[in-house]
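Here subunit A shows up in two complexes: once beside subunit B, once beside subunit C.
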Partner chain A sequence: MKRAQIQLGETIFTVIILILLFVFGLVFYSGSRERGTDRQETLLQDLDAIAISKYVGALSELQCSSLQVRRANCLNMLKLDGFVRFRQERPDLFTPYYFTQLGNAMVRVDEIYPSTQSWVLYNNTLGETPRRVSSSLIPVSIHNPVLDRHSFAILTLEQYYR
Partner chain B sequence: MSKAQIEIQFNWIFVLVIGAILLAFLVTFSFRQQSSADQQVNVQIARQFDTIFTTTLQQPDTVKDYQTPLTDLSFVCNYLESRHSFLINGISARETRYDLFVAPQEFSTRRLYTWAVEWEVPFPIDRFMYITTPQREVIFYQDTPEPSVPLRTLLDAFPSNFTQRVVRDNFANVPTVQSNRDHYTFVFIDGMALPPARTIFQTPADRTTILLVQPNSQRIFESGRVLFLTVQQYENFRNDLLPVAEIEQVSQSYLGKASFFAALFSESRERYTCVMDKALDRLEAVSLVLHASLLEAEPLVSSSCRALLIGTDREGFYGMKYLLEQVNQTVQRGMSPATIRELSTLTSRIDQLNNRVALETNCPLLY
Partner chain C sequence: MKRAQIEIIGLVFIVLILSIALLIYVSSTTSRELTDTGDQLYKSFSSNELATGFIQTLLQTHSSTCQATVEEMVIDCGRTRSSLRCGFSRTSCDVAEQLISSLVDDTLDVWGMPFHFTILYRPGHNITFNSFDCAPDVVGTSAPGVFLLPYFPDSGVARITMGFCS
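Then we have the complex of A and B:
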């Protein structure tokens, strides 16, 4: 009987070990999948940031144009001023549309040469500290249509993720 | 029963119980994995379509042709109830409240055509994106040996990749149900000798849209009206029996090339009106930004430039600022033929003023 008990014990122990190994394998696999998903999420967020920065640069209400001919990577200074004014005076119209396009983000244009000026075009932060902030910096030209002069600027896009 | 027998039985019971637990666990796990994999596939498909749309919108006037897995697509546009979405296989993939997407309501396809056109009235507002498939055909009717100027303009602008045909007055290539398309859109231009309905409409009524275009001039895209007709209404119109009130109910105006093609590809008056309501929202926002930029320019420019941009006290002379204010007020009324008529007048005046501004030195153009 003692021998039978030992055998039974061995069987139970073997099964328990197998179960534990199986569970460890599943936990390891799930963890690996989660890390892979996180990496993919980061990649997609970076792609989103590029798409949004392209979108901002191509907005007809900001882009330089001359009799319907639009110029890429060029922002009209008067339109920048007008855009900021519109944002401040008409948040009821501004926010619903631009939030659907930009989400939780901050978009700013900083003129860096020959003078320094800044325009905050959009600012919608999360109510809490973001888990991750993705930043994109795009060089653009700013055209002053009154003086017919160009200046060098950086379009900054920061996206906030929970 | 001996102890050994009891032991063996107990062993088997133990093995069966553990085996059953393991099996249940594995089955649950595999179902969860399958559900997770399905969700991943849907997300991937949604991302692919997002990329398709973003790419198309970045390159206006370019037709794109995409192969996709067989997918059920739906585009919901209901302006009054504020329901705007794009669904893939029944699952909402994107909110489209501010997207000017013109597409059939529901369709299944393995191949997608997309085309984006900038809407300019006369300054650029936004891009319409038209989505169609090779199984949706547009049929243009030509009543004379050579196409009229409006028809020629339309045929030249219509993408050659899209499924289309020109039916002449000999009706040799009229589409029939054997053509086996998902949808047929017939386009007639007012002023043509319209053929009898029985000679030309041989496709199922539930898969047919009839458009009668009434341009305001030979420049078909400038502005005009489109009538969305049933076969009976077409026949009544042809015989001058369609009441004016009914004509008003089935018609809607267009302004500009992008708007015209929105009417063509929307396949119904309701969907066209919905997308134009969204377009007018964008027009309102852009006109306000431009209005604000004029106010910023006011102290910086010469008096002659200021007169063009802001206006003067002289009666009857209105600057760009006033015209933009009028645009804004007109747009508030919503989509209607009267709105489009007034916008057409205003945008024409804005265009003339902008051309005059171009002749001034250091005077910023509106667009």
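Then we have the complex of A and C:
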């Protein structure tokens, strides 16, 4: 083999090694970026679940009020009954409006003390199995305005992502 | 091109590759640290939301035994002259403790969340609930939700604290 051919072989070998190093670096970097992006996405989805459950807890069509002053962390039992009835009787009006606010989610209020009772306020699950479910639990008080009693309940929000 | 020039170009090339590798490593580490900080902030925020929401809701809850809210029972328990009578010679302190214990069992214990909950009526008189050995001084405990209930017109306050361990 001539000297020039040996030098050419060396150059080609070096270039191949460099390309391999570059590709490995790129794969490692993109994998690391992807993992970071996934974690950030999860974090944002969890924060979104909290924001939406706070939004549901602050809906004026559900929240307790006295002399036009709203009370935080409190839902009116009669308003809950009315809300559920409206959802069941007029899905044509209910679903399009609340879909823009809540998306693919399930919102439920479970009374824990003194009695046990549940209200499914919104249920719009994905047809297919969701890729991820982000959930949020918020303790809320349910006020019965007839008896003027407060009970202890949990507002559960499950948000589904494709 | 002379041999020395070619060697210098090769050296520059190697330095360039090492610099890029270092840059990628630093950027990846920084990004991971930022996400970790975000995770911690989220945990701290959600724990605090849950703690304050739990205490707020608990204080509003009516006891069917005492015909009073937990807030009224806690204040009554902490005052020097108790006025609430809860039937069968039970005091507001007993009923409040039993009610809180049952609510905690039905929620936080079921969810498997390590928590600590304390009502300090006055120095030396307090009740504490916790799970999984979670205590305020355990490393990784979130900043607690704190509520103060004054014993007006008597002096003093009841201090209610709740926090979660990671």
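Some notes on this structure:
Convention: the second predicted complex is superposed on the first by the 161 of 162 C-alpha atoms of A that agree within 3 Å, B and C clash if a C-alpha of one lies under 4 Å from a C-alpha of the other, contacts with A are read in each partner's own complex, and residues count from 1 in each chain.
One rule holds in what follows: a contact is a pair of C-beta atoms (placed from the backbone, for glycine too) under 8 Å apart; a residue touches a chain by one contact, two chains touch by 3 or more.
Because the structure is a prediction, the values reported are computed rather than measured.
After overlaying the two complexes on the shared chain, residue contacts for A:R132 are found with neither subunit B nor subunit C. In the superposed model, A:R149 makes contact with subunit C only, not with subunit B.
In the superposition on chain A, A:R162 makes contact with neither subunit B nor subunit C. Within the superposed three-chain model, A:I12 lies in touch with subunit B and out of touch with subunit C [touch as defined at top].
Counted by residues of subunit A touched, the larger count belongs to B, out of subunit B and subunit C.
In the superposed model, A:L43 makes contact with subunit C only, not with subunit B. Within the superposed three-chain model, A:C74 lies in touch with subunit C and out of touch with subunit B [touch as defined at top].
Of the residues of subunit A, not a single one touches subunit B in one of the two structures and subunit C in the other. Across the complex, subunit B is touched by residues 1, 4, 8, 11-12, 15, 19, 22, 26, 44, 51, 54-55, 58, 60-61, 65-68, 70, 76, 78-79, 81-83, 85-86, 89-90, 93-94, 96-97, 100-101, 145-148 of subunit A. For subunit B in complex with subunit A, the residues that touch the partner chain are 3-4, 7, 10-11, 14-15, 18, 22, 29, 47, 54, 58, 95, 97-98, 118, 120, 122-126, 281-282, 284-286, 288-297, 300-301, 354-355, 358, 362-365, 367.
Contact residues on subunit C toward subunit A in their complex (touch as defined above): 17, 20-21, 24, 28, 31-32, 35, 38-39, 42, 45-46, 49-50, 53-54, 56-58, 60-62, 64, 69, 99, 102-103, 106-107, 111.
Put simply, subunit A touches subunit C in their complex at residues 18, 21, 25, 28-29, 32-33, 36, 39-40, 43, 46-47, 50, 72-74, 112-114, 136-141, 149-154.
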